[in-house]
Amino acid sequence: MEHSIDDVHIPNPEFDPTDPHGLGHGHHGHHIITARTLMTVLLILLFFTVLTVALSRAEVWIQNTFDVVLPQWLNIIIAMSIATVKAVLVGAYFMGLRFDKALNSIIMLICIAAVICFLFFTSIDLGNRGAVSPLRATVLSPGGTGYGLDRTYDGISTAASPRPSTSGLPIAEFRRKERLAELAMEEAHEHGRTEPTEADVAAGEAEFWRIYYQDYVDKGKHPHRHEHDEHNYFAKLHFAHHDADGIEPVSRISLENVAESSPNYSKRLTGLTPGLFGDGSDHDAHGDTHNKSPNDNHDAAPADTAETDPDH
Amino acid sequence: MATIDANKPDLPAAGAKSHPLYWKNRGFAHHFRNADEQFDACKLGMWLFLTTEVLLFAGIFCAYAIFRMLYPDAWAAGSHHLDWRFGGLNTIVLLFSSWTVASGVRAAQMGNNAALIRNLVITLICAGLFVFIKLYFEYIPKLSAGKAPGTFFSYPYAHDPHEPLWWSVYYIGTGIHALHVLIGAGLLSWVLVRAIRYEAYGPTEYTMVETSALYWHLVDLVWIFLFPLLYLIH
Amino acid sequence: MSTADRTHEPDHDHHDEGSYLTPKYGAMGTVWDWMTTVDHKKIGVMYLFAVLFMFFLGGVAALAVRLELLEPVRVAADGAITGQLFAPAGAESINTGNQIYNRLFTLHGAIMVFMFIVPSVPASLGNFFLPLMLGAKDVAFPRLNLFSWYIYVSGSIFGILSIVLGGVDTGWTFYTPYSTTTDADHWRVLLMVLAAFVLGFSSILTGLNFIVTTHKLRAPGMGWFDMPLFIWAIYATSIIQVLATPVIGITLLLLIFERLFKVGIFDPGLGGDPVLYQHFFWFYSHPVVYVMILPGMGIISELLSVHSRKQIFGYRAIAFSSLGIAAVSFIVWGHHMFTAMGELASAIFSALTFLVAIPTAIKVFNWITTLYKGSIAINTPMLYALSFLFLFSIGGLTGLPLGALATDLHLHDSYFVVAHFHYVMMGGTVIAFIGGIHHWWPKMFGRMYNEKAGMLGCVLVFIGFNLTFMTQFFLGTQGMPRRYASYVDEFQFLHTLSTYGSWLILAGFLVHLFNFIHSLVAGPKAPPNPWGGLTLEWETESPPIEHNFHHEVLVQHGPYDFDTVVPPHCDERDFPLPPQDQPPASH
Amino acid sequence: MTMPPAAPTSTVPEAVAAFPADAVAPVRTLPFDGEGLQGLFFRTNGTTDAAVWTDGLFMLTFWFSMFFFVLLMGLMVYWCIIYRRRPGVPAPVSPAHNSKLEIFWTVVPSSSMLVFFFLGFWGYMDKVVPAGGALELSITGQTWDWTVEYPDGTQSAQMTTLGGRDNVKIHALPENTDIALRMVSTDVIHSFWIPDYRMKTDVFPNRYTGYGFTTPKLGPEDDHPEGRYRDQWVFCAEYCGDLHSEMAAIIRVVPQADYEIWLENQGSSGDPVIDGQRVFQSRCATCHSVDGSNNIGPSWKDLYGSERSFNKAPPQIADDNYIRESILNPGIKIVQGYQNQMTPFQGVIKDEEISNIIAYMKSISVHVEQPAEGEAGEDAPGETETGAGEEG
């Protein structure tokens, strides 16, 4: 009784004892897909790939050229529908589901049903936190509180990016401030100073925003995409939309207008008052809110911004 | 051990190579009733395994969807940092490799070992190309610009405070996918080696080719969704 | 059951084979043989001992936890700390003791869930009996089976390593952001998360193997509704394992990234969302609750039917309710998070949660009706089956106030929850598991155990269990939060009772332990079919031969046709058939 | 024991006396005054509408469950006895299924499930939506302490030792008043549970949650030697680390007039040392001691002005800046022998509070020349829970 692990039961051409009636002989059940079909499917897949890219570029082009901002869901639905068609093609022909036993397709369908349950119920919760009390959906500090970032993990080399203690700042905000300080310092060094003066800071800031928009323009993504800029969190905190040449920032948006200028942020951040804790005019009840916000020491703190009453 | 006994009647030797892995020398495990049943079982097992892969990626898609819903601006901003040309190129590379693998299975079914080898080699080249594009044109420039996940994020010109999250989802999603590309390439290399050395696959014995191909197609499927989500939707 | 003797298949008969337990290669050879075996029976036995060892480890932690809770920690008038057991000598604060306590309950939870209860029934009894009950020679992928055993072993080693290095204090649920920030200077938490991650693969591969086996390797003549209900339960379990476990895979992977690289997806410090982690976690961990209980339900179906020599009542209802539970399990996970979710999601999940009650209730009704007009033997497996019905009913019914939103907001994360899931997990799964081990012990090892000792152990466990956990329902409703190293004085009386109960449980399990050891060493030889069972595993010898059956089996009757079939290897005088004047109702 | 700066007058009940009214009561339990079975379950009967609803729903499910449980177990035991196995006697043939019966026992429980769901949902909405115009408390969960801030910014400085724990903060609330909670955590997830109101909600970092309840009306049964009040436990119900089980507080429901006096008494005393001691008691005493014993964090005794050595930073004298930094951003320098466990207080604590803490630390350090023998210098350090215990 050898314990051979490999597949070694050799069917006897004359008589197969396991299949005395010859029912299982041969592989006549296995469908061989023709080369022509495979090639056709490949071409269709490539066509759809080009199509989805083209439609996506077209959207950007329409926005940049005609200033028509198409709704986001359109983009998503088109791209996802095309992807689904491609996936079905791959599954049906390349993976052979169309010619295979139904069981395999059923398994895939059950699996997809599970995925849909997962996505659907999770998004129901996270998308409806503020349904009854807007307060529940309120994020204290967009980008995070910075808590726990300074908890180092000794076993791992963090030399590539030493984990900063951000003093309660979101990491993106922290990096921005770091860069601003660097630029100010560079300005100072240029003028032979060791400590940046106020002028250096201002010059550094101007340089920062120049790079900021330059980066924007260089990428060829944007210059005239208003919708995008409207949602640009950092830009709108300090500068209005670029002027005609698309590079130089011209004016600051005052903090009070931030919430109004950004539908998405205002929705989340000003959800504080109405609903649960008053009738919406009761701002004073929340006057102390920003005391708890870990980043209220920073003028650009969004939570602070949004909670601040205009007449504050 | 109960099941897989050696049971070696004299082989029909005509023209057959002597190695036990040569496809005409292959039988089936003792606990199956016939080779077809074993083939079906293996394929069913592979499909079940593929469902687990789909659900694994479902976690990443779920994180993507949730944060997209919560922080649409960050996702739009993040998407703008990606270049659709590289993503599109990689999509084409993967689709093409899917076709070669499917053709490889067909070659095995037809008993055309040379075509099988040819197709597998092309597929492996495509896998290498995919990973190369990913690393050289995408990961490395982005990482060196500071567009990194989580605390490694050091790009100062972010457009949204949640952009580090976008990069986390981007790197985890594409990274785990790239890992699957490598695993799939490993499987196909094994098939390739056996095809070259033993002519191990033919019309009655191509289970390994078929299941590895299924895995490879799944990798393709995941990318078919990752590509528009990451590169095209903004 | 009879077999078709296929005389034209000489190479398929195994007349001269010995038992799978018979050593053939000398001492070292036998060890090597077991380590490399692809025989599902040997793998099942190895799993059995491994999970029982894990049960022992987790049980020790549980006893220690209960011991600490014997008294509340008090700061006496003179400033001394009393009632704290775990603080090392010289510790000045409550802190040290709490740290040890927190590690112990995490240890208890993580071991019991990931290393004991999830693999317990499917991997041990399932591995051993699924192919036997199907009349197959092995599972579909024997090498994969061995592979998943080694994955299980390596996962457990990671877990134990983490404990040896000092343990983790995250709780078995690893909720972020606590789990990503605690013990920041050490690898322990990572090791434990990695252990759970790796163990998930073992679970997936086992489930995958069982599904394919059930589909492809049923004996000729065995249709889907001729399968024993244990197989149905294992099949439903496997579906959940395959579909749910990958999600914990990605969850734990993200958690590992979170700790190593601080990617921030679950970390509010970086803008991520900790509740998203809970969704990810419970999308796996709620279905996995049914991975734990469904096989137990399968065992109970076998036990009740065989030991009351009675057709199971409503076979199809039980079979379909297993699948129904598996399906519903994927849409109710939110009830673990009513205090964390939005109102809409809470309402939807609460409504869906009550769906679970329906298939569960159907099962209980059917089981109890099975006893009607039976021939009920009161022996250890049957006592365990009856205990299961008692305890599981309580566990299920106490789920009602936890599913209803208003009451859950009070009971969530209290001792009520602790008691509830112990009634389901321990009163359900563990009780069924121990009952199943007794039921199949003669088949697995070819030896009988001592019936009186078995019954004594069962009674001790039953009483001890109720003393331990019944009190915790009251603690919970009165306001005792879970995972507390110390508590306010109000709760002392009930806590003390609970701790006494845990000692009774220990006594019961010790009785079983000695009974099993005695049986292995000096138990009387078991006949092939001591209980008169009709499922295929009783067809072969005790213990089974290497190839399971002497002949290829051909199924000719249902698994529970006690009215019409004399069980194999049994005498009609011992297992009489009822008068056949009326046609038996068939399903 | 130091006399409190704003000494309670005779008109103020002792129960709501100003800081530090920490009479040591080593073993003292809250009342067990519920009635019947419901009392056994809940200790005290629900006092508010939401709690009464919850109790009612619970008892409804209890009796529903009891009915089915007794029915099923009764049948089980009865059949086990009458159908026990007799050797040689076969089990009679009986039907293997009965569709009508099975449909019946599927449909009936299912429909009752619907009732439970709606009752539960109704009571739930009652709890999560606070009444309009409620008194709003702002609650910060922090490892391992609750900070409760009243609308005027006041925080409780009243401590007691109760049920075996030190530093249990007492938060007075007026009777028969609607309360709304707005909660946030600074570090990990906590859960604010008041068993007497049968309500809890998780407290998250970086996100607000909240709920509402109504305080009960006090009656003669709430009369104590020190005044009329009712104590209610607050527990943390979401596991949050080492001292999770110590993260308790007391809500003391008092008459409206007493509440106002109490609130008054929690304000500043004018003396930074005393105020610093209050901040210590309310925010720091969970992890730090002032008697020299080591806790989760270093003791404050003789800390100020001493040389500190750190895990990964050069040693330094503990001066004002160091202390400020250690409060706001404790992860930067970790004292040797300790772990990085403290939550950053950045944005949580006010500058004034930090100054008071520094003043208090100076007053209990030998490295600082104390002003004079007597009043503040000597007595303040002894003013701890254990010191009080010795005197009491």
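Letters A, B, C and D mark the chains in the order given here, with residues in each chain numbered from 1 onward.
Following the convention adopted for this analysis, contacts are C-beta pairs under 8 Å (C-beta built on N, C-alpha and C of every residue); 3 or more make two chains touch, one makes a residue touch a chain.
Because the structure is predicted, anything quoted here is derived from the model rather than measured.
Greatest centre-to-centre distance from subunit D is found for B, with centres as Cα means.
Just count the C-beta contacts per chain pair and the biggest one is C-D. Centres computed as Cα averages put subunit C at a distance of 36 Å from subunit D. Between the Cα centres of subunit B and subunit D there is a gap of 53 Å.
If you average the Cα atoms of subunit A and of subunit D, the two centres end up 38 Å apart. Across the assembly, subunit A contributes 1, 3, 5, 18, 103, 110-111, 114, 118, 122, 126, 132, 136-137, 142-149, 151-152, 163, 170-171 as residues in contact with two or more other chains. Of all residues in subunit B, those that touch two or more other chains are 1, 4, 7, 29-30, 32, 37, 40, 44, 48, 51, 54-55, 58, 62, 66, 70-71, 150-152, 161-162, 164.
For subunit D, the set of residues touching two or more other chains reads 125, 128, 187, 205-207, 340. Taken as a contact graph, with one node per protein chain and an edge wherever two chains touch, the assembly fits none of the named shapes, being neither a line, a ring, a star nor a complete graph.
Of all possible chain pairs, the ones that touch are A-B, A-C, A-D, B-C, C-D. Looking at the complex, you find that subunit C touches subunit A at residues 8-9, 11-12, 17, 33, 36-38, 143, 177, 180-181, 184-187, 215, 239, 243-244, 247, 259-260, 262, 264, 267-273, 275-276, 279-280, 283, 330-331, 333-334, 337, 341-345, 348-349, 546. By the touch criterion stated above, subunit A contacts subunit D in their complex at residues 132-133, 135-141, 144-148, 150-152, 165, 167-168, 272, 276-279, 285, 288-289, 291-297. Interface of subunit C with subunit D (complex): residues 72-79, 83, 92-95, 98-99, 102, 169, 171, 175, 177-178, 181-182, 184-185, 268-269, 271, 274-275, 308-317, 339-340, 343, 346-347, 350-351, 354-355, 357-358, 361-362, 364-366, 368-369, 371-378, 386, 389-390, 393-394, 397-398, 400-401, 403-410, 412-414, 474, 477-479, 481-490, 560, 562-563, 573-574, 576-579, 582, 584-587. Partner subunit A is touched in their complex by these residues of subunit D: 125, 128-130, 132-134, 136, 138, 140, 149, 151, 153, 180, 182, 184, 186-187, 205-210, 328-329, 331-332, 340, 343-344, 346-348, 350.
Note for the complex: subunit D touches subunit C at residues 24, 26-30, 32, 40-43, 50, 53-54, 57-58, 61-62, 64-65, 68-69, 72-73, 75-76, 79-80, 83-98, 101-102, 105-106, 109-110, 113-114, 116-117, 119-128, 161-166, 187-189, 191, 193, 195-196, 198-202, 204-207, 233, 235-246, 248, 293-296, 339-340, 385-386, 389-390, 392.
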